[in-house]
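Some structures are shown below for you to check.
Each of the next two complexes has chain A plus one more chain, namely chain B in the first and chain C in the second.
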Partner chain A sequence: MDLSPLWISLKVALVSTIITFTLGVLSAWFMTNYRGKGSALIDGLFTLPMVLPPTLVGFILLYIIGVNGPVGKLLGLWDIKIVFTWIAAVLASVVVSFPLMYRTSRGAFDQINMDLIHAARTLGSTEKEVFLKIVLPLAWPGVAAATALAFSRALGEFGATLMVAGSIPGKTETIPIAIYFATQGSDYKQAAVWVVIVFAISLISMMFINRYQNKTVK
Partner chain B sequence: MMSISVSVKRKLETFELDVHFSSHEKIVGLLGASGAGKSMLLKTIAGIFEPESGKIIVDDIVYFDSSEGISLPSRQRKAGVVFQHYALFPHMTVAENIAFSLEDKNSKENVLKVDQLIREFHLELFKDHKPSKLSGGQQQRVALARALAMEPKVLLLDEPFSALDIHLKSQLIKDMKNALSDYSGHVVYVTHNMEEAFQLCGHVVVLDKGQMIASGLKEEVFLKPSNMQTARIIGMKNLAQAKLVGPNLLMVPKWGIMLQYNDDVIATEGFVGIHAYRIKLHHKCPSENVFECTLVDMVINPNVHTLYLNFSGEPDSVDDYHIQMDVPDEDAWEIENKKTVKICIPEEYIYYS
Partner chain C sequence: MKKIIIILLIAIFMIGCESTAGQNQVEITVSAAASLKDALEEIALEYETENEDVKIILNMAGSGTLAMQIEQGAEVDLFFSAADSWMNSLDEKGLIITETISPFLSNRMVFIVPETSNYDETNFMALFEDESAQIVVGEPSSVPAGKYAMEWLDTLGAMNTITKQLVYGKDVKEVLSWVETGNAYAGIVYATDALASSKVKVTVTSVEGDHSEISYPAAVVKSSRHPDEAKAFLDYMMDSDMFENYGFTKSKREE
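Let's turn to the complex of A and B:
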């Protein structure tokens, strides 16, 4: 049996989770403190990919990074093409998993007692220190849960990935795509194996969330 | 010479914060009812909130000056805050909390410093515990030690005793006094309790709905309140408008009485204030201010009976009273089953301004 979809899926999910974590946590903290205009609009835009059809996300991504799109053209100057590579799959996963990371982290940040943050500032902390020493550790159970959710979401991404990365076996064919094509080809046994594997990985990450949330910082 | 000068204006949802005071005293008390803007003012000094306009200067350091466009960020003010609920970092141990402001936590000097603070505040047994395992009094000591560790220019205390049981308070106020005696910077102390303010502070600023209604040395503010709101906040229970109608003779229209008094204030109009515990049963003091009052209501406290009295006939309800007086327990038998009480108001304890 060709295990390449498993490795591709894990690679794509891991890389996209690292990117989503960084972007999601930083934008959540930024928005928690943002008091300027249009905060509701920005918040809405950040959350939107969660409810949009994945094919719509795929369409927009394809438009941007396609060989004739603005980013695609720019990258073309250095002979770089990212559509139909695993990097495109990472991008698709980042876009669809970002809202989960952003929303859940923001919920965790909103729970923090503002006096703790004020206290850290009066005790001489810079904004970076406040974030790393106070905000992140205190919000950690929530942020960890957000990361696990984002990872699982990335692992399960299908529609947008298929549109921007295709299903090149050994290159961009992830487990969800393998399940789809195995089913299409009536290879139910093969599909069932992948189903069990995805099921197991996702279940483990959900259990990880539960463990973490029960172990809140006291 | 040490000095602190605060002058700020800031619009808030329900009122405007408008305070201007300066003091050479080490401990300045901010006194006022809850919701008067005391905490807001404290956090403004700490740089947590920014006023719309004004000037905040501690010794020679300009924290804020709207006309010069100066606003020092919180972290550069060296303002140690003890928050009302202490705001200890729950994920750090007591020792880590205390060491939080120190740059190099492992340097010999700083390790010694933290050790010394732990000993000074009797926290040896708890230094490796998380704050949630500590009692309120212990948490307060950690918060104070954490603020002092950075050698603050000004120490800002936000109702440090309000979250504690009463029986702990007197001991803790003594401890606080000792801790502050070793500290050489300024202290701004927020409280709604006038006894605390009197015990700890040299200078008192009284706030009411964001407005400063009195500021001065504590003796001036407590013994000679300049207006009725201040008199009420420092605990004078009996207050009324009054007129000077003859030499040392006051007319109090609201109460329908004349009062002899022997101070030398000669303003023709003002107010009288009399503490509830200064009014006596008539045979307990020699005074010409003797009145037969109707007993409207009585509340029995642990050590005193508080009587609510009306100078004229039949009251409409239990709220229809003019003055209140405290009668010590041992004299309470004298008023048992009585409808009227004969009282006297000593001339020397009538405050007129």
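Let's turn to the complex of A and C:
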């Protein structure tokens, strides 16, 4: 059995989780403090990819990064084409998993006792120090949960991924795509093997959060 | 005020229910391959205007998905597959009324490039020498169009170079959109799909013997609650010229 979908899926999910983590945590912290105009609108936009159909996300992405789209044309100047590469799969995963990271982290940030943050500021901490030494450690169980959710979502991403990355065996064929084609081709045995593998990975990452959260609470 | 609004809402809701359940309409669910979408929508509309007591519900997806739904007990009256294999496998499982299987439509494959492409009928073979030129087809083990495409590529003698160029799509519409948007250099779709798109041009059309014969069989599903009405609609489709307007060719009806 060809195991390449497993490695491709893990690679895509890991890279996209790193990107999602950074973007999600930073924008969540930014929005927690943001008191300016249109905060409800920005918040809505950040959450939108979670509720949009993946095919719509894929369609929009394809038009942005496609060879005739704005970003695709720009990259074309350096002869770079991301459609039908694993990078495109990463982008699709980032877009769909970002809202989970953002939402859950924001919830965690909102729970923090603001007195601690104010105290740190009056004691002369810079904003960067406040964020790294006070906010992130206090919100860590929530942020860890968000990361695991984002990772699992990235691992399961199918619709948008197939639209922008296609299915190239050994290059962009992820586990969900392999499962889809196996079931469509009535190869239920192959599909079952992949289902067990995805099940195991997702379950492990969920158990990881549970254990981690229990420990931090104690 | 609140009470009045609630009563009004309930009233509207009840009227809504009334209008769908009140009439004595027979609903016929047709599960059909995605490539038949445009033609079937028009023919269903025509049939509904002529037969007001019948409502046609179209369920369009890949043939594999549709066959799986029927296997799992979906309430379907008519099944319209894009390949014999799905029809036969359902028939073997006893899910189809065998006498009603009619292989009545056929189609051709075409090799398409984006409208703006430098490639045309004279030089498209050069595409097979450029490893970076991505060519899109349906996934061969699940998409019939992909299976025909692979057979055709084999006939064209392109198999040696092509494995590095191929990108698989989940259905033929996806393949078409990748070529339309210029993201792929070329693709293989049904002649009917290329005909409906103004953003692609055809470099070559397959001829008999290039790939196995494309056949769209239709049949009444055994679990149908309205087999007679479903059969009537099937007969109506077989007599109609609508499919030819969309580029399909009609197979001779086997008597």
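Structure notes:
What we mean here is this: the second predicted complex is superposed on the first by the 215 of 218 C-alpha atoms of A that agree within 3 Å, B and C clash if a C-alpha of one lies under 4 Å from a C-alpha of the other, contacts with A are read in each partner's own complex, and residues count from 1 in each chain.
One rule holds in what follows: contacts are C-beta pairs under 8 Å (C-beta built on N, C-alpha and C of every residue); 3 or more make two chains touch, one makes a residue touch a chain.
Fair warning: this is a prediction, and the values are worked out from it, not measured in the lab.
Contacts of A:122 after superposition on the shared chain: chain B is touched, whereas chain C is not.
Between chain B and chain C, it is C that contacts the larger number of residues in chain A.
In the superposition on chain A, A:62 contacts chain C only, with no contact to chain B.
By the touch criterion defined above, A:187 reaches chain C but does not reach chain B.
In the superposition on chain A, A:134 makes contact with chain B only, while chain C stays out of contact range. Once the two complexes are overlaid on the shared chain, A:113 sits against chain B while remaining clear of chain C.
Touched by chain B in one complex and by chain C in the other is not one residue of chain A. Chain A contributes residues 62-63, 66-68, 83-84, 162-163, 166-169, 172-173, 180-181, 183-187 to its touches with chain C in the complex.
Touching chain A in their complex are the following residues of chain C: 62, 64-65, 68, 89, 134, 136, 139, 141-143, 166-170, 174, 177-178, 181-184. Those residues of chain A lying in contact with chain B across their complex are 113, 115-116, 118-126, 134, 137-138, 217-218. Listing the residues of chain B that touch chain A in their complex gives 43, 46-48, 73-81, 83, 85, 87, 89-91, 100-101, 130, 132, 146-147, 150.
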